[in-house]
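Note sheet for the following structure.
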Amino acid sequence: METFIQLVVDGLSTGSIYAALALAIVLVNQATGLINFAQGGLAVLSAYIAYAFVQAGLPLLAAVLLAIVLSFCLGALVERFLMRRFERGDPDTAVVVTIGLLTLVTGIVAVLWGYNNLQFPSLFPLSSVHVLGAVVSVRSLATTVTIVAIMALLQLLFLRTKLGLALRAVADNPASSALSGLPVGRLLMVGWGLAAALGAVAGALVGPQLTLTPGMLDGALVYALAAVILGGLDSPIGAVAAAWGIGVLENLVAVYVPLIGHDLKIAVPFALIFVILLLRPQGLFGRKVVVRV
Amino acid sequence: MTLLELDHVTASYGPVQVLEGVSLTVPEGGAVGVLGANGAGKTTTLRAISGTVRTGGTIRFAGRDIRGLRPDQVAALGIAHVPEGRGTLAQLSVRENLAVGAYLRKDRRQIEKDIEYCLELFPNLRNRIGSRAAALSGGEQQMLAVGRAFMAKPKLLLLDEASLGLAPSTAKTVYEAIRRLRVDSGIAMLVVEQNANLAFSLVDTATVLETGRTVLTGTSAELKGMDEIRRAYLGG
Amino acid sequence: LSLTGCRGGAQSSGGGTAASPGITDTSITLGITTPLSGATAGPGTCTVAGAKAYFGAKNAEGGIKFGDGKTRKVDIKTYDDAYDPQKSLSNFQQMVSDNVFAEGIGLGTPTNRAFREAAISQKVPQVLVMTGDPIFSDQKQSPWQLGLVPAYQNEGGAFGKLLASSGGTHKVAILSQNDDYGKGYVSGFKDAIKGASNISVVGEQTYEATDTSVDAQITQLAATGADVFFNAMSITPLTIATLQKAQQIGWKPSWFLPSNTSSPTAILAPGGASAYPGIYSVAFSKAPQSPEFAKDQDVVKFLSDLKQYGNYQGMPAFPHCMWSYIAGATLDQAFQKMTDPTRDSFMKALRSIKGFNAPLMLQGTTVDTTMDGQPAISSVLVQKYNGKGYATAQKFG
Amino acid sequence: MAARLSLSDVNLHFGGVTVLQDVSFDVEPGTIFGLVGPNGAGKTSLFNCISGHYRPSSGSITIDGTEAVGRAPSHLARIGLSRTFQHPALQLRATVLENVVLGGHTRLPGGPLSWALGLPFTSRAERGLRAEALELLDRAGLAWAADRPADELSHGLHKGIELWRALLARPTLLLLDEPAAGLSHGEVEQLIATVKQVRDEQDITIVIVEHHMGLISALTDRVVVLDHGRKLMEGTAAEAQSDPRVIEAYIGKDAADDAA
Amino acid sequence: MAALTSRRARIAVAVLVVVVLVAAPLFLPAIVNQSLVRIGVYAVAVLGLNIVMGYTGQVNLGQIFFLGLGAYVTAYGVTHGWNIVLVFVAAAVITGIVGLLVALAAARLGGLAIAMVTIALPIVGVPLAKRLDTFTGGSQGTSAIFSNAPDWSGLFNDQWQYYIVLLVAGVGFLLARRLVRGKYGRAFAVVKGNESVAASMGVSPYWTKVLAFTIASVFGGASGFLYMAAVQYTSPETLSFGHSISLLAAMVIGGAGSIVGSLIGGAYYIVVPQLTNAVDPNLTTISQGVILLAVLFLLPDGLVSLPRVLRRLTRRGTAARAGGALPAGAPSATEKHHSTTGTPPHHAPAQVQIPDAAPEAPEKTERHGRS
């Protein structure tokens, strides 16, 4: 039983890593209608930027905040000078552009900081607490809390604010939105900027655990995508819930179904996604996209 | 007082130029119709004004040259455009669509009242206030597009076949509302409308386009009297 | 048939003293294909840096005096294969066309395997490859190949032997990477403890190199109550994470870590390794990060060469930097022994090195290329972490 | 003679919303049938039920006596049903000709392998269909547009192209959703002539949804008026236009005269 | 008459191309042949991907899995001494069957959900390949040599491999080209464009997707066979997820929805890493990113659109003076499609003459980006 609880706790903490990235993917998707493969790469870059500030002697919190601000600008610039050209075109092309961006960012990080693991200081203490007989590190607890907070903020942003409405309108139909006076270009920049800033938060949260390498989020990206699709592309709550669900389920299956084991446990979330999407194409928490003939 | 003035406006899609010189004026508080066959360039003329197509010539609005402005800048000057076809934000609810229409406005309280006005005008929308625009029937979507333009409280309204897909009685109601808007708030309008009866019920003057050129301009009465016009647009 | 593979065949495989491609009277060209991008780029970069450091320094001294009396400079061409077998084959073909004398030192099992056959059929040496895959040291199967580092089995076996001979009863939990790396360690370990009734394996799990977390495996293994943890892991952040995780949930066994994930500074310190009763590893090269080697002549020269010629800043984060430096020294020996500027002569010379204590090698380990079935370095020493660096461990406990 | 299309007690709900309620009527072969009613009455939804895009919550729809409910739209298309969409849905990047030829998909023989191998019968069939499509376009005065990408044409022309696309399938049952929307008076007259000609030349039954009462009067043999998902009345166009309930719900009191 | 000569001219060009393709390896250096061989391998894989994604619009992130599966089947057959033709058939058919089974399930989903199911293929495929080591050789991989030139041919290995690839890829490309032109090409396109419309044209979206997906996997299997001909070795790394992403990028860069684009995509896949290696092996990631972005920035429709863009530019150049006076505005939202339509528009009778348009002012277009 103790092991069971510990496995659930472990799953939640791993799931939080996926969730951090998933939220950023949801954000950029809501604001631009795009699946952004570079999201992880941008988060990595942000983490390195924060790292560089720490190296330069800034206190950690200030470094992270500064990195968040810089990432916002960076995201906005990427939108303005790169993605803008592709936003009206074939969505497949835009996705490939984000793949190219991921490659480029990874390359830049590698050139600037190399491929060796760098130790990113943790915002939270390394100690741990006991909950229900399971050991939870303060770090993953704090990470989880932060993620829930971000999730709530995003939900508010999209459903309760004028900015959120404008972002969604632009993602839905930029041409039509412009006719109502929405500054489409600026809103897209804001959307990308927010997603990149959120990526910076994600990078700072998972950086200490994964240690910094240019490809540190490549593995998490697939999981994050899976979580986003499973939870519903337009739902921050869904993304987080699905990420946790995937993390926990994987662990339990790997341990209690020896035939699957740790090597094939990754098949479980995908099988689950398949079954759930058959029943609910919009994902667990997503709103159905209405298409009329 | 001229509000909008188009002088020898040209427009092109990519390498294809489709407007060859369109000239027209809309006086302040006036309503001008644009007539023409399929493909004559009516829609393109409206797009030229709202900046969604590449243009040449002169387009002046309230004394200011607006050619080359971005669509949202044009909208910010007080020009609302009901585009042709599905002009709604498909995955947003009816209420959200109307709220987006009022994006540029600051008077929060009045916005709520105006939404209420739209719902009175289009009772169909009231029942579906929470549905996504994409789920609406063709006519309901058209109503929503018109409603969204109303929400902007513009100085100039560009209507591109606003009656498209509307039931006769509804079309009538909408045009009645538009006329009221004109009378009450002095909104000027440029109207593309295939249903010439509706069009002439609203406009004072009209311009006839042929292959991207202005070929004729006249008052409603003058035009109604012309044989060619009768045959092509009015019947009988 | 042997001729058809390569139009340069007549030139390359001709007998006598006609020089092979890639060697002139003043220079010799070596090629390295290794991952310089992607997930394994960290160690991959090290393989290049170490080799460049060694030969850079030699070239600066004027070159290497070959067995045929000529002094040559060593030119190194590097190619990125991103750990993709298809790309490493492509790189090999490119090397042939670029007239490389020999290929070697590259990292990776599949990538080296991908062009093993091509290297054989074109008679291009593919030597001192950095993989523990034994096929490269089997002279019948791989006449133009030779491995560098101890087979993974040897490393696992060394630890197993130490444990078996400890006398005490131990329960062992095993976590291994799901590939030939992890499998090699585990099979070597198990072979060594076979028949030792005092050692029992109570839990065995695997993970994927792409995993972001192995917390679940640690939790699962901790539940077995093992007092020895054999962690055949090649991923740096995961190794740190396991060190942290196990102590968090209160599991404090003795650890075994492979040679390439046991860096005192990069892994053990951040992982808080002092909390455990003992961290064991195996090694054949000196660890420059260890304080005890800080003044060691080899290490000092190595570090300065690495910086100056290897274009590598700071402490090596992976042992592959040292290993490839040792590989350089081994090649140097072969060069000094080869009497003809041919690949044949080179292979013969390379296979005749014995008892060579290359720079950076620990006391008690040597290069021995004469044993069929064994890579150039097959002897390893079990080391124990002492809070700062490593000391050779004579016995377990 | 058996009805070509027969609906009995068709119901359709979306969530809690009732879109169609107990709709029943028969359409005789060779006739032109009108379907009118206010916006949101359920006309397009009814088309979607007939063409298989929506599945009625209950009720039965038969085409030439065979049950259509539960069949895939593509299956129904293969047995002779063809339709246009209220909002033109063309392949915008493809040429006008390609769009029209697409309508003849079900008439082309052979499976993927024969087409990949380019067996002679496939190229013959393709050539034949293209010629036919060109002729249709030519008759409509659209030959000049054949090789243009569809999105270079104006909105009004899209409706026409949809019609030709639907016709190339040689349907026995054709559903037209507001074919006259966006056409000027003269163009509507042309459309009326075309539809009449098609009906006279082919064994075809046509159901038209349209708000243009002039077109409905000129073309239809019978009409059904829908209101709020229910059948309000059935009769001739003239009967409908003079029915007070219809005037009240749909045409509007003073619009009756100038809507034509 | 004119049609006849143009037909003859076309046949002449085709014959010339065939002759060049057949004769080329005899004169080219080995390294070039070897590169061409690998280009062929990936061109076939990209071609398959193009059919399901470029033409039919179903995002497929699993194509590399089919390449890997084909390679494993080939390796298994060769090491068990099957006849090589049988091996090829098995590689294509077994892969096709697996593809069909996956498609039967995946095609029930739409949009990104399909992407998720296909992403799972390589992700699960890698550990699976390791586990099934009796068939796959586990993580050490498996070698199989069948593509060395036989003595009687008097050819070098690279030449012989080239002919194997030319044969398989050539047939594959010809079949695909025919397929995407007629009935099924239109069916693919309409499923991509609008499934409801497809259905009402008698095109079953479900079966069309299944068909496209199965064809893609057969091409994947064939490319796996060719992979073994070219590389003679395979391991789980062959089918790693990252390569699937690269295939996707190669397809878009070559030109989505274009047969020639697939070939260019295959070339891109092979040549760019070689190029970046030659430039600086330590900077391959960054330079590959730059190249990818630069190509798409200049040619959003892929390299295949280069001639068209050049033609337009030169036409622009001559008309620049006349058009210079015309100020720029934003193109309409629908304008995006135009560059992909090959035929210059015929003149409508209504539009007697269409003077050439203003030169594109990129920065302006940028500023007005959206409409």
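Per-chain numbering from 1; labels A, B, C, D and E assigned in written order.
As a working rule, a contact is a pair of C-beta atoms (placed from the backbone, for glycine too) under 8 Å apart; a residue touches a chain by one contact, two chains touch by 3 or more.
Just so you know, these numbers come straight off a predicted model, no measurement behind them.
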In contact with subunit B and subunit E alike are the chains A, D
Note: chains that touch subunit C and subunit E both are A
Could you find the chain whose CA centre sits the greatest distance from that of subunit D?
-> C
Pair of chains joined by more contacts [C-beta pairs], A-B or B-D = B-D
Taking mean CA positions as centres, which chain lies farthest from subunit E?
-> B
Using mean CA coordinates as chain centres, what's the subunit C-subunit D distance in Å?
-> 73
With chain centres taken as the means of their Cα atoms, state the distance from subunit B to subunit C in Å.
-> 74
Using CA atom averages as chain centres, what separation in Å is found between subunit A and subunit E?
-> 30
In whole angstrom, how far does the Cα centroid of subunit A sit from the Cα centroid of subunit C?
-> 36
Quick one: which residues in subunit E touch 2 or more of the other chains?
-> 127, 130, 196-197, 200, 242, 284-285, 332-334, 338, 345, 348, 367, 370-371
Would you please write down the residue numbers of subunit D that are in contact with two or more other chains?
-> 53, 85, 89, 152
Among subunit C residues, those touching two or more other chains are 37-38, 45, 178, 208
Subunit C-facing residues of subunit E, complex | 29-31, 34-35, 38, 126-127, 130, 138-141, 143, 145, 148-149, 151, 155-157, 227, 230-238, 240, 242-243, 270, 273-274, 276-277, 281-282, 284-285
Show which residues of subunit D lie in contact with subunit B when the two form their complex.
-> 14, 37-41, 43-45, 86-87, 152-157, 160, 178, 181-187, 189, 211, 213-214, 249-252, 254-256, 258-260
For the subunit B and subunit D complex, residues of the former touching the latter = 13, 16, 35, 37-40, 43, 84-86, 124, 135-140, 142-143, 161, 164-173, 194, 196-197, 201, 231-235
In the complex, subunit A residues that touch subunit B | 162, 165-166, 168-169, 172-173, 175-185, 287, 289-292
Which residues of subunit D touch subunit E in the complex?
-> 51-53, 72-75, 77-78, 81-83, 85, 89, 91-95, 98, 101-103, 105-106, 108, 110, 112, 115-118, 122-123, 126, 144-149, 151-152, 165, 169
